[in-house]
Amino acid sequence: MQKPGFKPIDNSQLAVRRIGVGMLGYGFMGKVHSNAYLKIPYSFANPPAWPVLVAMCGRDEARVTDVASRFGYGGIYTDWKRLIADPDVEIFDNCTPDDRHAKPSIAAARAGKHVICEKPLAMTVKDAASMVEAAQHAGVKNMTCFNYRFIPAVRLARQLIEQGALGKIYHFRGCYLQEPGHDPSAPLEDCWYATGTRSGILLGIGSHIIDMARFLIGDEVEQVYAAGGVMVDPEIGRAGDIDTTVITLHFANGVLGTIDNSRQAVFGYDQRVEVFGSAGMVGVSNNLPDTAVVSDAQGVHGSLPLFFFVERYTEAYIAETKAFVACVLNDTPPPVTGLDGRAPVVMGYAANKSYREKRPVKLSEVDIKPGA
Amino acid sequence: MQKPGFKPIDNSQLAVRRIGVGMLGYGFMGKVHSNAYLKIPYSFANPPAWPVLVAMCGRDEARVTDVASRFGYGGIYTDWKRLIADPDVEIFDNCTPDDRHAKPSIAAARAGKHVICEKPLAMTVKDAASMVEAAQHAGVKNMTCFNYRFIPAVRLARQLIEQGALGKIYHFRGCYLQEPGHDPSAPLEDCWYATGTRSGILLGIGSHIIDMARFLIGDEVEQVYAAGGVMVDPEIGRAGDIDTTVITLHFANGVLGTIDNSRQAVFGYDQRVEVFGSAGMVGVSNNLPDTAVVSDAQGVHGSLPLFFFVERYTEAYIAETKAFVACVLNDTPPPVTGLDGRAPVVMGYAANKSYREKRPVKLSEVDIKPGA
Amino acid sequence: MQKPGFKPIDNSQLAVRRIGVGMLGYGFMGKVHSNAYLKIPYSFANPPAWPVLVAMCGRDEARVTDVASRFGYGGIYTDWKRLIADPDVEIFDNCTPDDRHAKPSIAAARAGKHVICEKPLAMTVKDAASMVEAAQHAGVKNMTCFNYRFIPAVRLARQLIEQGALGKIYHFRGCYLQEPGHDPSAPLEDCWYATGTRSGILLGIGSHIIDMARFLIGDEVEQVYAAGGVMVDPEIGRAGDIDTTVITLHFANGVLGTIDNSRQAVFGYDQRVEVFGSAGMVGVSNNLPDTAVVSDAQGVHGSLPLFFFVERYTEAYIAETKAFVACVLNDTPPPVTGLDGRAPVVMGYAANKSYREKRPVKLSEVDIKPGA
Amino acid sequence: MQKPGFKPIDNSQLAVRRIGVGMLGYGFMGKVHSNAYLKIPYSFANPPAWPVLVAMCGRDEARVTDVASRFGYGGIYTDWKRLIADPDVEIFDNCTPDDRHAKPSIAAARAGKHVICEKPLAMTVKDAASMVEAAQHAGVKNMTCFNYRFIPAVRLARQLIEQGALGKIYHFRGCYLQEPGHDPSAPLEDCWYATGTRSGILLGIGSHIIDMARFLIGDEVEQVYAAGGVMVDPEIGRAGDIDTTVITLHFANGVLGTIDNSRQAVFGYDQRVEVFGSAGMVGVSNNLPDTAVVSDAQGVHGSLPLFFFVERYTEAYIAETKAFVACVLNDTPPPVTGLDGRAPVVMGYAANKSYREKRPVKLSEVDIKPGA
């Protein structure tokens, strides 16, 4: 139908650099990442650049088609080898379960795709090492998804530490307490095996705060002492994992760190870090869903932290995907590297060994020498 | 080029209800609303529904084309009469300057379009009344954009008051302090005339807190006393407006209110409300850009409130457009009506008269009887 | 009995300057002040000086003896004329009910005693004026007990304003909300008459925030507009007072102020002030009984403000009496003067007139010219 | 001189139970305790009871006389054996340096005096054990001064845990960071020897948070792992102590704890605890000197925590001495026992051994069996 005065815009003629995204995985994180690409502001690059959702890949054709169509993907694949062969795919986004990250990421890097992969990077130190090496060898961009680094308060904390505003740093303190029921991506059956195919408390949720410690301190951990127990749910114990841990970190530069992890936080989702230096300290606390405070005859009441990490960190996921697209666009190093993904895997293994052997463990005891 | 294994998705075949949006205005608020429609989550309606950006309209073809293409509009118009004649447009979104709201909104309603219009609704009580009547007569949906009603803390506060959790309400307190330099949508030349064609402090920024007072108390103001002066910038005084005001509100139900407005807030953008009742009080404070707190030898330091209303209320604008699309979709009443837009115009005029005549003024002194 | 090695200390030989206090009133405030004198740290002056509780005075010999003995007074009087004739009394502390302040304070000043008197200074502008003049004429120290000036946060706020840290000041905001039941010194029968012998809401609790406004802004109010009503308790209305007020203050220097007062605050005892300037703002909020915060499945919960003003402001009362003793000791001007006591009486009357006549009232309409 | 109408009060005839206090030590803590006895409210007991400051004891007659006279002591001794022989002394308050606590406390208990002793109780496990046994054998009241137990927020936290409001407890977290320069009682020369005659970081400031952990969890620690280092001041290292420690606590009931201690906190005096349970968590944070918050163009600024423990915990010291006087008066058990003083000594030794041997250490490795 003709519409008087209407001047159509031919989108395909716009001078926009389009960056093709191929998504492996249509589950929870696949949706989170897909949404994040769509929410990157149009004006983020100059000249303009848009990520284009080329294809989503998964084994169940009906389900992957359903999810892909809701996010506007151009099409789907049911075989990831086909996805990484697609010439329109520049960015390979790996949102598979933790124990299936390695093979497709390595193949995609070898096929010349830039690789962004969810955390924990791998279930074994060996896999993590291979993934890092494959990307390095292929010369592609390679990023591990530690979305907390993109939380504004965390960035501000790192900036202050780098600028020396806190003086000489001597202590890191962090916690990550989480109710499994609050987080649909972390059903018990998926995450409690400490030594099995899925990431337990030390490799899984623990990796977030391990990454925060490395990122904020800007140094490597040499030794850990992990205490822990089954304090929350006997089922977790029967499955071979623990639900409560306290880890002491010994950094190479002498800084001490403490990390608390728990599968229990009935009051929400408790993720806080503090860094202490000779000139001051910075604390990052939980963000809240609203700023309302109610005072009544019983006390002063505020809302609980945002329970579910997706709504809590929506903006962090957008910032994360934007950062990766930008580093592909501008050929700059990614803000979180494959090595950053590898380090918490080593540390998770060392912590696990410390817990089982009831003694401090050096990371060199469990690490694989690069090239070995 | 053929891609082995690639199964394309034909987007046009998806069972999605598409709702056409026609945008009048390509300036600041036009961009904010356009962005908000794009960010409405795909899954917000069941069966699925998507707003479609049909056309943007503005007099300068080159500039409107530039803006429209960045948001993916299908095309543009340079004459708003053509825009409201477009059969694909269901929602007419009016983002013109404050003093040009009336005519297009009335015409759009008469053309059977659902009308969403920025605040303040109009520059005169008469215009505001005509706009409300046109929409009522045409039976279209009609919403005024008071985005603060969509802030989570404000919604929670209203809910508590409605549920009686605060008992019998007796006092409202609110403030809106804003540095003009922080807000690109409020250059001085656009907003300081109290009695001219643009909205001054009492009609303009004042309308937000006036709306909060009516929304939270759930009752109408009968009388106001406004004090004020030029405390910040003599230029504002020379232009005929004031930059600092204190308004006492007398509600019909006996509740008392106080509103402070200022064009000065070097520390950010200060918008807080408190409501007091026999069983408690609720306060809504400023939201912050981050949760970092730094302690050093000088004190304990937090970040300033988010300065710029667009980044501060991004989510509120998305919730607002989503709510209007939903009420069109489901044929339900809009959460903020044309009458809600009209009331602050009447109150702004009464406050202005009170300030000039140095006495309390009843709203009935300045209002137009419906139908008069 | 002799005690080997024991060397007694002869207290009367110590080189300590003893300052005799005569207390009129053994009720609530009499106890608060007596306790405050005892808690002044021994080391506050150099050379050492101690206030000595010479005598307490009240008409009921048995009751005044009972109270006086608990605080270690040397003796009692039942006639205040005898108390002010006691040569050991240097400081006359007037803790009688509000409507009986004038006569003894004037007589004590004429007898050469330094006079400290509870707020509100008097029930009439005329009495307040006479009290100020008597002290000025006699050349004695004269202080009105506005204890809030001795709260650390208030002192800090005043200091910042004086130093210019907030720039040019343009707005004051304050509130005083109080449950009568929480405060044994304010039984309803004692305080609700706005125009009777006792101080109503505008003269009584209102005087605290009026004093804060004058103290923090450092200027005089010229005009007030008071709105109000009976929103809390019909009994208060039947007794001729109101229980809720909102006052707009017009300062001589152009600063605007808003004061809210209420006889209702089920959540505690709500006394907050905020001052806004061109370079920043300072807020003073309620102090809390503890720093514990509990998070459970319902939310984040803190304790209510300290309910009862005596435990909340114990330290402020000690600082207040210490300041008066120090100004007697060092012959310096008191930090709160008789004129500071007189001003809120004038303002309370003007606010009352404004409320009754429903119009802004200039203070000059109700004031007595000095010397008239 | 006769004073007409004056009726003296004969203080000695009042029906007051007087409890004699003998103070050993006239240094910093001797003054703090003396002041606390004087500030116990007169009405705390019914029938009335007053602590009476009988005598202060110290070797330097001139200096002890000077201090004693400022607090109103009846006299002085220069030999503590004479002090504990004084029949008027009921309470023996031991404020000597940490390494001289044992002998006088043991002797006083044998002489039938009730003994209150500053923390840390002793410098060796053996001394601590002997002190506890002496008091038990003599049947006197015996209290160790852990003043933090008397902070309102800590009491509230313990109460909530006891009531089960937090469910099953699984984690304790605490810190104690202190600038030596801020605290006149802790000059470097007095406190940095970990193994010498004075208490180092693990026995000294560490004992406060160790006590908090035991008090709040209500259970005993079985094993500790301590990491640490010299991060702040090389002088501390040269003197044989460390200035930064992280201790992992393994409680008998399975609860895990973490304690951070540091001799550095340029931002004040940082003492916080958190306890986590299956139904919620409670946090106790630093109390502040005022409630003022300043917002300017740089940010939002609050005051630092109260730096100096005496002004910060004045009320806690009063509550502590009051509690001991009350338990003597009413023949009830003291709220903090000798055993509570002994436990942190054992734990401090175990932590020290863990730090030196770089392995977890069971308390039973360093403890002395009662009776051994």
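A, B, C and D label the chains in the order they appear, each numbered from 1.
One rule holds for everything that comes next: contacts are C-beta pairs under 8 Å (C-beta built on N, C-alpha and C of every residue); 3 or more make two chains touch, one makes a residue touch a chain.
From a predicted model like this one, the values you see are computed outputs, not experimental measurements.
Ranked by separation of Cα centres from subunit D, the top chain is B. Residues touching across the subunit A-subunit D interface largely coincide between the two copies, over half of the numbers being common to both. Chain pairs B-D and C-D differ in how many C-beta pairs they share in contact, with the greater number at C-D. Chain centres here are Cα means. That of subunit B falls 58 Å from that of subunit D. With centres defined as mean CA coordinates, subunit D is found 45 Å away from subunit A. Measuring from the averaged C-alpha position of subunit C to that of subunit D gives a distance of 37 Å. In subunit C, 266-267, 270, 279-281, 295-297, 303 are the positions where the chain touches two or more neighbouring chains simultaneously. On the subunit C side of its complex with subunit A, the touching residues are 266-268, 270, 295-304.
Those residues of subunit B that touch subunit A in the shared complex are 1, 3-9, 11, 14, 35, 39, 41-43, 48, 55, 61, 65, 68-79, 82, 85-88, 151-154, 156-157, 160, 165-166, 279-287, 289-297, 303. Residue ranges of subunit D in contact with subunit A, taken from their complex: 167-168, 170-171, 173, 175, 177, 225, 227-229, 231-232, 244-246, 248, 250, 254-258, 260, 262, 264-267, 270, 276, 278-281, 358-360.
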